[in-house]
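Presented sequentially are two complexes of chain A, the first with chain B as partner and the second with chain C.
Showing the complex of A and B:
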């Protein structure tokens, strides 16, 4: 569990994966420091699961590479598999197993298995060990799957849409458990999710993917500071603005533009009739989600 | 892995044990009955004194009674069991993981997928071999009196004595495992595995493929007139009850008998078993290779 904090927990270098003639992910480059809680956002088919599967070692990249704590992920190797805990979408479990069977499965398949952690979590959650998986609620199943991932004791935890099928209470409890595990064990977590509000609450790092392309990557605070919501007269051309415009909404007389420019640069470029506002997390994410991936030759990486 | 394999296949293990139990009960009952008929008909003495030549009627009635009627349900069951059981055990091994999405759980643990698959295949194959050998031993024991006065070179009993049943079972298992990987569906893989197994099964059972390449030819003088080519006398013209006479032709004062000597039973079993095993190994090897290679 002890890792050199100067080595990035996750580093992608021009990472790409092609399915047939279609690129599921292309040209992804980013570096995430250890201890981060990363929100991975994107519409369906944007490449989120592909990125996670490449990281975990379920897939092999077509080009580039992804490294976990400095070691490149290689598909189907015990080294890579041991470095990442993966909770796949819809938290797959063996439905005919009892909870105890499921935990024994985890113990058999992972040399680093933390039995006390697994048992303790089941006790704390009040999930009976002799209950069949299929008899558990969706929230309990997700918790069992999370327990399998946590008890593997890997330094990186990758969660694919972990709360998509859960009700609001179960969602909150699940995410609180993830955050508690992060606080306890110095985990680095990547959470792929559609639920932006959830990510806003828990994440300190953001990756936005659309159409297999990385739109933006960086620490949340940094990204918020480097973007401004600017209201300008409608006829103002985007080229006249002091930064790249990420999204633009035109109304009758004004346009609202989200631009990539920090406050200092904004202040320097301020003109009469312009009104600058700080941007919120959700606005920022939505702006990047709406930005068309086509024509973006290289993802704009905001250095941290 | 041993526990995981056991946990995922224990229902099938119970089915196999139940099947083995049922076969044992039927085979033992038949075996005991056959032995008592064998001795009450005086067949043992007849075989010892004349090699069967002195009691053709008794042999005919014994073989027709047990090779047909009484043995029939067991014989029919033994024809389908390898394909059926192999498909039922093999299809879910990969098919169900892929169908239900649990492969994402199974293959993201620390044990790499290739080791996971090879361990499972080794353990399940071991279980199937134990089952196949047990069924073979029990049914062979049961039929022992019948085998003394009839031909073992044709199915039945060629398909369940010796190596045939076990290798056939592994063949169906291998094909169903591969079908599960390709079809990603348990039921589809069972059906596909079973029908794929039918191909080698029909070749060796109906066409008697391996049999005819192993025939021997004997020339012998006709005593008291040469028999017709169609005559299947008891004992046969070769004098051995276990020989399979395929053809008799006349050539002057000689008859030319083309036949399979009973002594070639094990050679033929090795050929047939080898054919089944080669298919099993090819199918399982392909499955392991595809799974290891597949990174999409």
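Showing the complex of A and C:
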């Protein structure tokens, strides 16, 4: 877990993946510092799972590359797979194994296996070690899969919809364990999730994908500071505003526009009759999710 | 030990919620100088919240002179927040009463009064924000 914190945990450079004629992901460029917890958001089919599979080395890119801690990810190579712990959406387990067999399997496959963590979690969750995987409830199976992902102690943890099959309490308990591991240092986490309202407490970095394109990428604090909710008279054209309009709602006499603009530029451009309010996390994510996908230039508006 | 809460639906950024809770507890006397705040990891696990968010909240408290980190020991409350003096709040209360009576005499309904107060509060807050922005950028 000791990694040079100055090397980015993830760096994607014009990363793309084509399935037949269809691009699953295209032109994704971003750089995420080590120790971040990244929220990866997008509708179904937006390219979230493709991005994760490219990162962890389960897929090879068609274009560009993605590097994990400075080393380009290469599909199906042992050193790429050792640096990442990936929990797939369907959390695959060997159904005929007992829980103890599953943990032994995890230990034999992973040199940095944390036996105390794995056994402690099973005990705390009341999951019997001699039970067969197929005899566990759906929620318990998810917990076993999550435990394998955590106990691998890889410096990058990629979670694809990790908590979808868990009840709210179990979700919180799992994320408490993830946050404890982040607090211990050296762990970078990417969480793909649809539960935007929950992401705000976990994430300090945000990636929004729609239609295989990156809509926005950056540290959450920066993104919130660089966006403003502006209420203006209805006839004000979007071109007259001090930044790109991300979403716009028109009423009879006034319009509410979420714009991407520097706070200083925003303050300088204030006009009488305009009302500026800060933007919340959920509001920001929803605005980018609703925006039709476009070319690369979009993502760069905010990144610059 | 001081315990934080988090309201996921309040719209207030999590780090600010933590800062507000310390400030409010100081005002109410629930926290006093010398009290130790929970460690970053304790808060992260307790609330299932990003530890970087807790670090940011503690930095803000240090910046405001309300808390200080002691290496190897934790973060301790160092400041106090005095409630507004009784005399000042009494004078403000009297002028507000006067204003409310004037508003009623002028024919404003309760709703109109509430809307006017909200609008003025918003404008004053925005002015203050712009002033602090100009100080930082100018």
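Here is the rule we use: the second predicted complex is superposed on the first by the 294 of 304 C-alpha atoms of A that agree within 3 Å, B and C clash if a C-alpha of one lies under 4 Å from a C-alpha of the other, contacts with A are read in each partner's own complex, and residues count from 1 in each chain.
Here, contacts are C-beta pairs under 8 Å (C-beta built on N, C-alpha and C of every residue); 3 or more make two chains touch, one makes a residue touch a chain.
All of these numbers come straight from a predicted model, not from anything done at the bench.
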Return first, second, both or neither, reflecting whether A:120 touches chain B, chain C, both chains, or no partner chain.
neither
Quick check on the superposed pair: does A:184 touch chain B, chain C, both, or neither? Answer first, second, both or neither.
second
If you stack the two complexes on chain A, which partner ends up touching A:70: first (chain B), second (chain C), both, or neither?
neither
Thinking of the overlay built on chain A, is A:101 touched by chain B (first), by chain C (second), by both, or by neither?
first
Going by the contact rule set out at the top, does A:93 touch chain B (first), chain C (second), both, or neither?
first
Is A:202 touching anything from chain B or chain C once the two structures are fitted on A? First, second, both or neither.
second
Quick one: classify A:273 as touching chain B (first), chain C (second), both or neither.
neither
With both complexes superposed on chain A, which partner does A:59 reach: first (chain B), second (chain C), both or neither?
first
With the touch criterion stated at the top, can you tell me which chain A residues are shared between the chain B interface and the chain C interface?
none
Chain A - residues contacting chain B, complex
19, 56-60, 75-78, 81-82, 84-86, 88-90, 92-95, 97, 101, 104-106, 108-112, 145, 148, 152
Residues on chain B engaged by chain A in the complex (per definition of touch)
1, 3-4, 7-8, 100-116, 292, 295-296
In the complex formed with chain A, which residues of chain C make contact?
6, 8-9, 11, 13-14, 40-41, 44-53, 56, 122, 126, 130, 133-134, 137
For a test of understanding, state which residues of chain A touch chain C in their complex under the given definition.
35-37, 172-173, 175-176, 179-180, 182-184, 197-198, 200-204, 221, 224, 263-264, 267, 270, 275-276, 280-282
